[in-house]
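Heads up, the next two complexes both have chain A, just with different partners, chain B and then chain C.
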Partner chain A sequence: MKYGGYMGKFLTVDLSTGATGTWDTPDEMAEKYLGGRGFIAKMLYDRLAPKIDPLGPENVIIFATGPATGTLVPTTGRIAIGVKSPLTNTISASYLGGHFAGQVKYAGYDGIIITGVSPTPVTLVIDDDRVGLRDASGIWGKDTKESQDILRAELGEGFEIGAIGPAGENLVPIATFMHVQRAAGRGGSGAVFGSKKLKAVAVRGTGGISVGTPAEEFIQGCKEMHDIIMANPVRPAFRYAGTTGMLPVMNEVVGLPYMNHQDDKAPDVSFIHNEEIYKYVDKIESCAGCNVFCGAVVEFERGGKRYRTERLDHESTWALGPNCGIVDLPALMEANMLCDYLGLDTMSAGGAISWAMEMTQRGLLSKEETDGLDFSFGNADVLAPAIRSMAARQGFGDLLARGSREAARLVGRGEEYAMQVKGLEMSAYAPRGFTGMGLSFATTSRGADHNKAFTVAAEFLGVLGNYDRYALEGKPHLVKTMQDSTCIIDSLIMCMFTVDLGIGIDLYAKCAALPTGMRFTEADVYTVGERINTVERLFNMNEGFTRADDNLPPRFAREAAPSDPGHHTLDVTAVMDEYYAEREYDSEGVPTPALLERLGI
Partner chain B sequence: MRVEVALFGQYSRLLPPESKNGRAALEVDQAATVGRVLDRLQIPPEGRTYVTVNDKHVGQETVLSEGDEIRVIVPLGGG
Partner chain C sequence: MSHVEFDKDKCTDCRMCMQICSMHKLGRVTPAAACIQIDRERSKYYGDMGCRVCDMTHERACVDACPVEALIYEPDLDVVRFDAELCTECLACLDVCPNVARDVKSGRIMICDLCDGDPLCVKWCPEGALSWGAEA
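For the complex of A and B:
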């Protein structure tokens, strides 16, 4: 490997045979795909035959770091985990922070490629170059917290650990892989671990990372980024409010979906105002190498018990709260904690529950069908039992566990009330209120992922120009631009919040050049982004996705949000031709030969 | 005259103690500007990048009217 920042090899693990080895990271893959999400796109596209069963033996789990991971570049404590998603059947990369990512590189690897199926439950233990599979039958069945605690005690000092919970073991398609209470994440990667009987991964590394820029220049460059973040006025907001700071604002401007997207404004969000959540905070935390500290530990009481757990993040707060009409903050904290310990995606869990709530509201689901659980909007007491039954796949929980779209298909009605795209549940940004977000949800490779083009920055905060948030004019270009520029963050890998903290495209380019020693310009940011998005789309095309899948649920074109004085509806198909033209796809949404040639795919 | 102020993020702590959830009604002079109100609340310069009056992004020299709603936004996009 001729570039700095990389370790030059992936660890390979075949769970069927227990064999481990290495695979050299190609120079060309580094140049064209950079790392993280880019590596996952390229590697899964190359390695997976079309239409494999995501929960079958042919799926591959790829852990991928980026060249900046574990270095002094700020906010580089995150790792990407890629699979073919059992929820969406698309390619899917999830990210988690904490302290896991750096250890993989310090142990000597750019990532881990996991194939096959273990005959019995195992933990993958990586201790520098000593790699082995350890019997996990003692922790199989235990939740993610207990599993990690046990392993930490058994393995000793210095290991960072991630595990699936009962949800992943039970092959729940919305299950997560958890490192402490950091979740990777959407799309059901936890179920893929479960299908392979891979319960946990523990890694300790004691090596260093060689960078491709002379030391003093490297340190100076990192310090420049660090200082920009430290001076930015949004940084204290993260420390104070966590990630939920904008929820009340979004609600005020009729941009916060309420009751399964029936409206875009909740009557009362005082319970999730920054000040309210702050009352529960005991201490703040950050991921490795991050100076932002958006994390916190909270203490709360519910049902006569006291709990100490991670503070809720923005999307989790929304998905279990306003999305379900629920205003009970301790109930949300308990539900979030349960999702983390059982290993379930809070957003898809919330979206499945809110679907059940709308079905109940409309008389389309009876209490007999829901095992007597009361799925009325606003019923905070349904969250915990619903989440437990989903993780255990019991009764009605077994339907909800599949996600809202599949649950609707299984009951044979109500699919129009499943607020999802390509199977992935939608998020806290109202498409009718921010049409760019709607277009992004419709076209992003793994479905309604709010982290692939945060157009709210342009549509609401005036970054990148003046946009009418309700209009579709200019949105195809905006969405393409942001979908492309987001890839660098996902590939370096840095934290998405750096976007809010003064790091622009020119600086992301520098964050690529500094560790690698590559010449990397702003133009390269966009080219690499185009390439990654295009490969992801090719993967999906091979899976049978078509133009018809690039759409939102019918509600948005049919109904305006009652709280919107402008009565706006949204039909993203009206600009799909324009979006495909921007992307250089043909009219069916297939990447053109000219595009593939230009990008060297 | 009366205006409504909504502050978010860490700035919500700068409102008078009787305010709730980052909102307060303030009595200000006729022809008060946005900048003067923010001065009074001690919002630092770096916190004044995203200020709206009645949902429109404005500059600090904007003159206020009775019943105007000022919002100081901290632009953190959650996840």
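For the complex of A and C:
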């Protein structure tokens, strides 16, 4: 590897045979795909035959870091986990923070390629270049917290650990892989671990990362980035109350989905104001190399029990809270904790529960069908039993565990109330109130995902542009460029929050250039991002996705949010031709030969 | 006499101190080899923060343990210095003091020298969990 920041090789593990080895990271892959999400796009596209069973032996788990991971570039404690998603059948990369990512590089690897199926439950233990599979039958069945606690005690100092919970073991398509309480949450990678009998991964590295820029210049460049974030006026809000600060703001401007997206404003969000959330904080926590500090340990009581766990974040609070009409903060903290420990995606779990609630509200689902559980909007007491039954795949929980769309299909009704795209449940931004988010949900490769083009930055916060939030005019271009630039954040890998904290496109280019020593310009940000999005698109096309899949649930085109005085609706198909033209896709959404040639795909 | 002081209640476990220390001293980001080690109580979930760094009390166990003169006390700056040329890699210093680290790749013994009077770990700590100053 001729560039700095990379370790030059991936660890390969064949779970079927127990064989381990390495695969050299190609220079060309670094140049064209940068790292993280880009590596995953390229490697899964190259390695997976179309239409394989995501939970069969052919699926591959790829852990990928980026060239900035674990270096002094701020917020680079994140790692990407790529699989073909058992929830959506799309390509899927999800990301987790904490301290796991850096250790993979310090151990000497850009990532890990995991193939095959183990005959018995195992933990992959990576101790620098000593790699082995360890019997995990003793922790199989245990939750993510207990599994990690046991491994931490057994393996000794310095190991960073991630594990699946019962949900992943039970092949729940919305299962996560957890490191402490950081989740590779979306798209169900945890089920792929479960299908491979891979319970946990532990990694410790004593080596270092060499960079492609002279040391003093590198340190100075990184310090400038840190200083920009530290000086940003938004940072203290993250530091104080985590990521939930935006929820009341979104609600105030009629941009926060309520009761399964029936409205875009909740009557009461006072219970999740910053000062309410902060009341429970015991200690501020951060990922490696981060100075934003959105994490914290909280202590709370519910049902006579006292818990010490991770603070709620924006999306989990919304998905289980306002989205379900629930206003009980300790109930949300408990539900969030249960999802983390059992290994369920809080967002898809919330989306599946809110679907059941709307079905109940409309008289389309009876209590007999829900095993007697009361899925009325606002019923906080249903969260814990619903989540437990989903992880265990018991009764009605076995339906919900498959996500809202599949649950509707199995029940045989109510698919229009499954608020998802391509099977992935939607996030805490109202498409009717931020049309760019709607177009992004409809077109992003892994389904409805707020983090792949956070257009609210340009539609509301005045960062990276200034657009009318309701109009569709200009949105195809905005969504396309943000989808492309976000690929760089996901490939370096940095934290998405840096977008809100003063890191612009020029600085992301610098964050790529500093560790690698590549000449990396703003134009390269967009070109590499375009390449990554296009390869992800090709992967999905091979899976049979078509133009018809780039759409939102029908509600948004039919109904305005009752709280919206402007009565806005949203039909993103009105601008799909324009979006495809921006992307140089043909009218069916297929990348044109000219585009593939220009991008060297 | 002064040393880097640690406030466990302020530390968020970002470990940036370990990154900058190793980058500055080795030219590679190598947290395991940093002169300062953020060391969390691992028997508990989200356990108490801890930190290992030379406390500069200069009982000089490391110096005394060194069979050659690879570790030498330098009175002018009041720190212990390491000379790689003389080190035989006997690792005796590591045995006698938990605040001594070693870079596996180069074999270099790592011990805090206060960055010649301007400790970078203190400068980079985003929460002010690290500080230093002359004691009375």
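Convention: the second predicted complex is superposed on the first by the 599 of 601 C-alpha atoms of A that agree within 3 Å, B and C clash if a C-alpha of one lies under 4 Å from a C-alpha of the other, contacts with A are read in each partner's own complex, and residues count from 1 in each chain.
Everything that follows uses one rule, which is that contacts are C-beta pairs under 8 Å (C-beta built on N, C-alpha and C of every residue); 3 or more make two chains touch, one makes a residue touch a chain.
Computed from a predicted structure; not experimentally measured.
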One more residue to check, A:L507. First (chain B), second (chain C), both or neither?
neither
### Query
Looking at the overlay, does A:G208 come into contact with chain B only (first), chain C only (second), both, or neither?
second
Please indicate which partner A:C290 is in contact with in the superposed arrangement: first for chain B, second for chain C, both, or neither. second
Worksheet item: Between chain B (first) and chain C (second), which, if any, makes contact with A:E275: first, second, both or neither?
Response: first
Check: Looking at the overlay, does A:A581 come into contact with chain B only (first), chain C only (second), both, or neither?
Finding: neither
Notebook entry, point to check: Counting only touches as set out at the top, which of chain B and chain C does A:T244 meet: first, second, both, neither?
Noted result: first
Would you check which partner chain A:A392 touches, where first means chain B only, second means chain C only, and both and neither mean what they say? neither
Contacts of chain A common to chain B and chain C in the A-superposed view none
Given the complex, residues on chain C that touch chain A span 9, 12-16, 19-20, 22-24, 26-33, 42-43, 45-46, 103-105, 124, 126-127
In the complex, chain B touches chain A at residues 6, 8-10, 12-13, 20-22, 44, 46-47, 49-50, 55, 57, 71, 73-79
Contacts from chain A onto chain B in the complex sit at residues 231-234, 236-241, 243-249, 252-253, 270, 273-276, 313-315, 428, 450-451, 454, 456-457, 461-463, 496-497, 499-500
Listed in rising order, the residues of chain A that touch chain C in the complex are 70-72, 99, 102, 106, 128, 145, 149, 152-153, 157-158, 180, 205-211, 215, 218-219, 223, 226, 230, 283-291, 293, 297, 308
